[in-house]
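Two complexes are shown next, each including chain A; its partner changes from chain B in the first to chain C in the second.
So, the complex of A and B:
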């Protein structure tokens, strides 16, 4: 009895404190994601300000009430530029993540269902493409098109479907030998029907999670490409472009044109990753219990 | 006739699980196959259900040799055999409600118009109440789920039924109900049965003849189909 009462509170407080931390993390992440989405959707139509308005008399002003994030070397308001930049980066991130997930899921399910030489061939292609560094391949793809939002999204999507394809294929291979698939085969189901009715719904939660986790990654890639001057054209504010344009002023001691776009990359991507992590723990409770041990 | 001749099967061709098994089931006949766990009964059941390609040997369905297995087997061959598996939890897609689980073979073979009639009739035959039909597998017991799996196996009205340890996980009353449901279906349709199990008492009472795995597997060529009673 004494042993029980001594041991239980310690175990409990450990579990509850972890749970409380997780709840706080989820709430903060959700609030930040909501704020990001609202800012990106509402600010441009509601605030009738021109993000490209140049005012050379107000160039490189430090943060103040009039310009909370300061101004850049052409006197443009950085807060407004950051929101517009986030809008473009988020658009690229979401489109690229969705495209990569659809492509990866289709390839993974087909390889897993068809098996045999199709599976071997497809997975060797996946291995070959993944052996080239993502950024290098992305640069190659972007360089084939005129600079713009879509080439960047396509480049990120074409370099990031591989991991999803691997995850989905592995999941399909493990599901394929379950007795309920045998039962479907015995009930006269075609390969296509087994894939669409039984296997695809089973891998969708995993694929959706992979898509959400990929959004921040795709945003980082967009920023990297833009920073290298290969992504979006310089007049289009994206977070990578903003940081790239501000490099010179950083050396002159003006920190705000680099810091705020940097925070605008880090905070939303961490928030999205935090929400996705909580979701992963939820759909895979075994993992959580393993972590508890 | 459902005939297996000299079947050798397994998962590694150097060490087959099933060796030179010969076995026949006549239409309307109930054959029990008795053996200890791990001996290869389930593999033989999977071969018979066209779910596992044997390494050698022939399987004749009404005199016609089967050449292709799983998806490659003609749909008409696959659907003439109904299968009930040992573990209902693993044999049921966790996303489907029981009514969809039972109706799935009708949907897969393009016979949707028969769903309302067949599902209602079979649910009553296996003892599932309408409120259970709206539930998903995790919301029902093993016994209730196995009843749904039996209904699914019967929904295409197969001429051969293969029950692989159908009642191994279940209590006596559910076992009796399931066996009664199988027997009612067989009495009405004249279907043959291959019941695989390790419960000699059950198989002896249920089947017309019971075969011992050891007799089949070792001395298959010298004494095929030795009845035990």
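So, the complex of A and C:
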């Protein structure tokens, strides 16, 4: 997550202190991402607690030592529910982001390599699809194929490959005029070989960066769909489902069932973006001054 | 300028054709059966002959391409079909609700642009200062926060705890008429939340643009001439720094629509976006098709506006080059 401008004038550079801040930010982000991944992977097998365990005598308890996040309207522990929700949301997010990246990279590389009318046609399609607001397109796909894990993952993937395709295509176009590509071509390499052996490895860092940044987007998208009742089935409680399910308690004045699932979306998003920003500065220092949202 | 507008409108026609075609193709590929949806539970006991007759009456026995063509030609005359969930013609649904959605989006966007400019300039004034860090981290956190979650927390705080503002709807439940005062008080929360969701993006870009402009020669010259800080900031830095931001405004329409979808459904605001969610939940295909087309058209208009603003504010750009 960078918006430090590299183009700041010398007379107001904060050299060391800014670098120190950046290092701290990267470490905090890395720790948070690690904590998220560990919690999601380890808590379910190691902690022998049932997230679905209903205890009506303990319903809607405010945060306390026994229940750090409080309990929901059925007396279920919210911390546990949030970890399980994050697991579901993250899983859908990662699957959708991977699918979108593979699709976008394939489209971007083929458009950039084939060029000519294929390139123009493909980019026209990308422009057309991106004219439909993402969430609306997602809602349409989910409405037509009924809510469920796969329709949601597919709808997120189908609405998010466009930016990757654009980035990869631009990268391929700029790589095509490099001497090593000329050398490969004059060495008799086929177009297919140039694309797979020489261009694809060169665009992979960019594509991987786009994939990492897409995970929070996909998570956000999934929780929005789930919140609208067009996402995952309620037994697979994702963070969006948790927020949706807490609406009744919120209107009765209990804030904790709403607040904590939201924080579970914000914190990983910021951490992932912080790490990805540092990574991008490393692979592409020239673009440090660009905003990343 | 007229030529650019004309060319963009010409480009919009194939885009809209492809989008509507895609909408019909998706519906044809989906397991959804409009006849069963129309007949409801009656379809369970109906014999095959009745269902086939119903299918023929509704015109869904034809291939989707011909249904698309039929819909398209009817749409050009203003007939968008019948909404099954709201039991109204689709055109009437849109006509009644468009005003409320536009009002919400316009107010929210204006608030976001004004607040974002002020915050962005304040942050850019001293990069690395406490204020700058505060504004920047707040902006990133708000950007990461789901807008529906912000909306719910706003309801909890302002409607339930402080009891300042109504929690949703367009008017009080007891009132029978829509009065401007009631609408205004019901507008504050949804428009505020939508504005907050659009704010971070705008603030960060203004901060970036103004920060870069502050390092440029004209600003240094203005400082050297001894102009006041306010004149330098607002007269020089903001003017050139805001330029790239203004052109991005038009391209924010998709995010605005996305935000409106969520905000309207949380606050039961009777706009188009809330109708979209209702239509999707009930698989109301005619309404969904019309609203997707409408949203796409709004995005295309936004893109056109972005290009026009770019040309208007930057005298170096000639419309004939675009």
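Rule of thumb we're sticking to: the second predicted complex is superposed on the first by the 272 of 293 C-alpha atoms of A that agree within 3 Å, B and C clash if a C-alpha of one lies under 4 Å from a C-alpha of the other, contacts with A are read in each partner's own complex, and residues count from 1 in each chain.
The rule we apply is simple: a contact is a pair of C-beta atoms (placed from the backbone, for glycine too) under 8 Å apart; a residue touches a chain by one contact, two chains touch by 3 or more.
Model, not experiment: these values are computed from the prediction.
Using the contact criterion defined above for the overlaid structures, shared-chain residue A:146 touches chain C, although it does not reach chain B.
Applying the stated contact rule after C-alpha superposition, one finds that A:178 touches chain B and leaves chain C untouched. Touch criterion not met for A:34: it reaches neither chain B nor chain C. Judged by the touch definition given at the top, the superposed model places A:20 against neither chain B nor chain C. Judged by the touch definition given at the top, the superposed model places A:202 against chain B, while chain C stays out of reach. In the superposed model, A:250 lies in contact with chain C only, and not with chain B. In the superposition on chain A, A:187 makes contact with chain B only, while chain C stays out of contact range.
Of the two partner chains, neither chain B nor chain C is touched by A:49.
More residues of chain A are in touch with C than with the other of chain B and chain C. The residues of chain A lying in touch with chain C in their complex are 1, 3, 5, 7-9, 12, 14, 17-18, 127-128, 130-137, 139-146, 216, 220, 223-224, 227-230, 240, 243, 247, 250-251, 253, 255, 258-259, 261-262, 265-266, 269-270, 273, 289, 291, 293.
By the touch criterion given at the top, residues 178-180, 182-191, 193-194, 197-198, 201-202 of chain A touch chain B in their complex. Residue ranges on chain B touching chain A, taken from their complex, read 46, 49-51, 70-71, 75, 78-79, 81-83, 85, 87, 90-93, 95, 104-105, 108-109, 149, 152-153, 155-156. For chain C in complex with chain A, the residues that touch the partner chain are 14-15, 18-19, 23, 26-27, 30-32, 127-128, 136, 140-141, 143-146, 148-149, 152-153, 155-156, 160-161, 167, 200-201, 204-205, 207-208, 211-212, 215, 253-255, 257-258, 261-262, 265, 276-277, 279-281, 283, 288, 291-292, 295-296, 299-300, 303.
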